[in-house]
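Following this line, the structures themselves.
One chain, chain A, links the two complexes that follow: it is found with chain B in the first and with chain C in the second.
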Partner chain A sequence: MALSPELTFLPDEPRWRWLRGTFRLLPIAIFLLIWQVVVDLDLVDRSFLPSVSDTFAALWQLTRDGEIGLNLWVSMYRALGGLLIGSVLGVAIGLAMATSERANEFFGPLVATTYSLPKASLVPLFILWFGIGDTTDMLTVVLACLLPVIVSTYHGVKAVPPVILWSARAMGTPRHLVLWRILFPGALPSILTGVRIALGFCFVLTISAEMIAAKSGIGKLIFIYGENGAYVHMFGGLLAVILAAFVADRALLAVMSYLLRWDDAYHAASAHG
Partner chain B sequence: MDEGNGIARRVGAVVKAAAIHSYSLILLFLVWEGASRLGLARPLFLPSVTDVVRQFGALLASGDVLAPLVLSLYRAFAGLALAVVVGMIAGLVMARSKWAHWALDPLVSLAFPAPKIAFVPIFILWFGIDSLSKILLVAFTCVLPMLVATYHGAIGVSRTIIWSAEAMGTPERTLLYRVILPASLPYVFSGIRVTTPVALITAFTAEMIAGGGGVGAALMFAQRFFQTPTVFVYILVMLITGFAFDHLMVRLRDRLIPWQDETERP
Partner chain C sequence: MSRICIERLDKRYKSRDGDVPALIDINLEIEDGEFVSIIGPSGCGKSTLLYILGGFIPADSGTMQIDGKPITGPGIDRGIVFQEYALFPWLTVAQNILYGLEMAGVPRRRREDIVGQLIRTVNLEGFENRFPRELSGGMKQRVAIARTLAYDPKILLLDEPFGALDSQTREAMQDELRRLWLAQRKTVLFVTHDVDEAVYLSERVVVMSNRPGHIVEEFKITVDRSGGREATVLSSAFITLRNQVWLSVRRQVGAPSL
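Right after this comes the complex of A and B.
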């Protein structure tokens, strides 16, 4: 069914790849152009929507001043650090739950009841306990990233075909090797899907926590610019967030495709969109 | 075997199952209560469970739970409804038209991973501090997952079905209404199920950041005045709300699309 029109009249040669790519990204250029023209023709109030050129100029100026760099670095540290801790813990708990009935009975109800809690609601509590800063923000991110990784690890392990497990046991594979060599790789596609969901969460939670209360970070920066009426800079900061989140997502997809290079099902699925 | 004995045994089994299935939760509450009773943490930081429950009752009686909750739910579901309508239309159009796919695909890919909550200051600037900015932020957050879900449902419709309809001379509009839309409904519904907690979380978080009433704003207000039991009450309100709606969505799905087998569900 409907996929994008391709430049089929071009010969299928590598040297025309860039033109095909440009054509695919053309809508973004058109979108930016319409935005620029609408503002330049004064169809909207400039203080409500700065033009594209002004926004990029603000982004460039903030980058040169080091304002974006410093705050983005702080936010990335919180987001990705929290994601890393949350993922490692999540995989460990998920593996335990899938392989041990007792672990499942212990963690299951906790996961089920806290899954639908907005983790940002814990920020005020954590501020009370740990003060404003990295501990509060990272703990929130860890909790938010933990649950999707636990659930996807659990389902991934449960979906490993039992035949493979039986063969491994029949050949006398010790328990820890079954875990490490069979269950973990078998669950990896599912685990990484969970990590990708958690990647989205980690940015949302970092920025929420920073906007609720923080001394630094890109979320705080955008919020302060908004409160002080520096709207061009607010849009510049937001642009930086969108680009950073996009690059992080693409980087994770590249890592996934490398780690799952043996998995035909993953590549078949990703080829179809 | 007399009837009473059987019922008693069944009740006993249910209680036993419930105890096994939630002993970690009970343990958590016991540790929490014990820690605050033994004075391990000051009540300002960790009020006892009984204090929180008492405060919950007081706030329920005074209407301070229900009024903000209704406001938050209104924002979340108005935004979600908008996202479902717009997302379904855009998803169907993207699945049926090559040029719409070409125009929307790169924009959706770029916007999908962006943390929408970062738009709060901009939505305040554009739509004010009241409900409208929150409803639109919820809609903005939920519209992309709805679009993607509908799109996948619509392109997943079997070609033979579409060909048969077209061979019988079905016009494109009827094809959309009578064939593609019903066939993609399970995907749409699973999209709604995924975005319902997102809508609630976005509404609560936006209220925490921007104020303007609702459970999120009430929570921040309580924290500012160090009313820790009230903070816990509102956290519990958010937890119960999310839990309740998640279960409601599962029930609704089984009621509305019973022809979908568990295995077939996306």
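Right after this comes the complex of A and C.
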């Protein structure tokens, strides 16, 4: 996708591809280098900002001790489980809104009024209702994932060209199959873009919810280390989340490029990514 | 049997400044197995007429019948090909051609036979598993025609199907369509703004006026096409008819006669 800068000064040939890949990592490398140098030169207090090398060392130590493994597993389960439930519900509601005036009248105002509400602010309320644990955390994630998927599904369906619908009907598609055979695949590029946005939200919300309302998870881990002033371990936990989210995003991109292998617009946008 | 009969058809479009008439008092009969072209200036409503026949948009008044039965909506007795192809981009070439057969509930074995045969007919061997985005405009239009022929509609409604193609591809496609029509004798209604195309392909050319569209003139095309494209297009009979149709269309555009 167009999230990475296009390196047009390099020729678009296979033998330059590795170099393009390397160049994309350059900003991250520079950032890490500055971080390391700033700490090494004692420009900041080492106890407030641990160095890059210490952070990686802490992550390695936490992983070896088994602290990361189980907590990361729990967090991934909440994040990706919430994403899955939110996406399925979101697609269903989005399809309903795009095809039924009544559904649109019912869900439309709800979506409009809750769209910009920070979902994390609901956590205290959910604690009251559901206590501390998976239900509260995942419900928060589901709500956060729901809205971008609803909106992208709705707009995806509305953007299916009328001639596509006409030719579907001309070829005898019964009304109940139009949704599944035409509107859903036609809206899929937009739906998956919504799911990718929701993927970002699902990690944000999982960590936020766990910091307030969980007995386990990376968010809880980060919170405890932060409270106890074990900042190098707190940074280690943060790094684990960043890496997990990055891997999940890459995995989703791989799935997307397979599912959308037919889509011109997707390929045009990802030609340089 | 598939005779199209249109009587006193009117169509208005709603706009902010009130209703705009698009088609006025269209009367047209098309015989079973006849190839008729509708030609006229752009925006004259010729595509609208085709969409009404396709059952996609309703007429405001008048009657439209196929073999005596009124048109109430889309149906697989009519196959339509759009200028912008309207292929399903998420399906491969073979899946696109299969689609109508699948909807009609044709058994799998029979389906695959028909698709294999059509792929050969439109010269797309080796492209069965490609997606539309990987095809040229001419190939896409061949897929669009093949998928319409697949479910064997009695009537073909073609909306400027070759309008987006380069002239070489367009001529090849015209010859292919002509060959198909001679072999299958389907009833064809062909919308175009290309005078040569209309005269070359059809048995009858109907000229429509500028908006609001109504039928102003009809030409029976009696040209001997047995000698192939070159002999046909260079024959005096073709040139005479072509010039008559051209002048008729030109008058509709309101061009000054110099």
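Here, the second predicted complex is superposed on the first by the 239 of 273 C-alpha atoms of A that agree within 3 Å, B and C clash if a C-alpha of one lies under 4 Å from a C-alpha of the other, contacts with A are read in each partner's own complex, and residues count from 1 in each chain.
Just so we're on the same page, a residue touches a chain if its C-beta (ideal position, glycine included) is under 8 Å from a C-beta of that chain, and two chains touch if they have at least 3 such contacts.
Just so it is clear, the model here is predicted, and its values are computed rather than measured.
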| item | value |
| --- | --- |
| Chain A as common anchor, with chain B and chain C clashing or fitting | fit |
| Included angle at chain A between vectors to chain C and chain B, based on C-alpha centres and rounded to the nearest 10 degrees | 90 |
| Which of chain B and chain C A:Ile182 touches, first, second, both or neither | second |
| Which of chain B and chain C A:Asp263 touches, first, second, both or neither | second |
| Which of chain B and chain C A:Gly226 touches, first, second, both or neither | first |
| Partner chain in contact with A:Pro161 - chain B first, chain C second, else both or neither | second |
| Contacts of A:Leu72 with chain B and chain C, given as first, second, both or neither | neither |
| Chain B versus chain C as contact partner of A:Ala170, first or second or both or neither | second |
| Chain A residues touched - chain C or chain B, whichever exceeds | B |
| Lowest inter-chain C-alpha distance for chain C and chain B in the superposed arrangement, angstrom | 19 |
| Contact residues of chain A, present in both the chain B and the chain C interface | none |
| Touch list for chain A against partner chain B, complex | 1-5, 24-25, 27-28, 30-31, 48, 105-110, 113-118, 120-125, 127-129, 199-200, 203-204, 206-208, 211-212, 218-219, 222-223, 225-227, 231, 234-235, 238, 241-242, 245-246, 248-249 |
| Touching residues (chain side chain A, partner chain C) in the complex | 161, 163-164, 166-174, 177, 182, 185-186, 188, 261-264, 267 |
| Of chain C, residues touching chain A in the complex | 51, 54-56, 73-76, 78-80, 82, 84, 86, 88-91, 99-100, 103-104, 131-133, 147, 151 |
| Complex interface listing, chain B residues touching chain A | 20-25, 28, 44-45, 94-107, 110-122, 124-126, 154-155, 157, 159, 197, 200-201, 204-205, 208-209, 216, 219-220, 222-223, 226, 228, 231-232, 234-235, 238-239, 241-243, 245-246 |
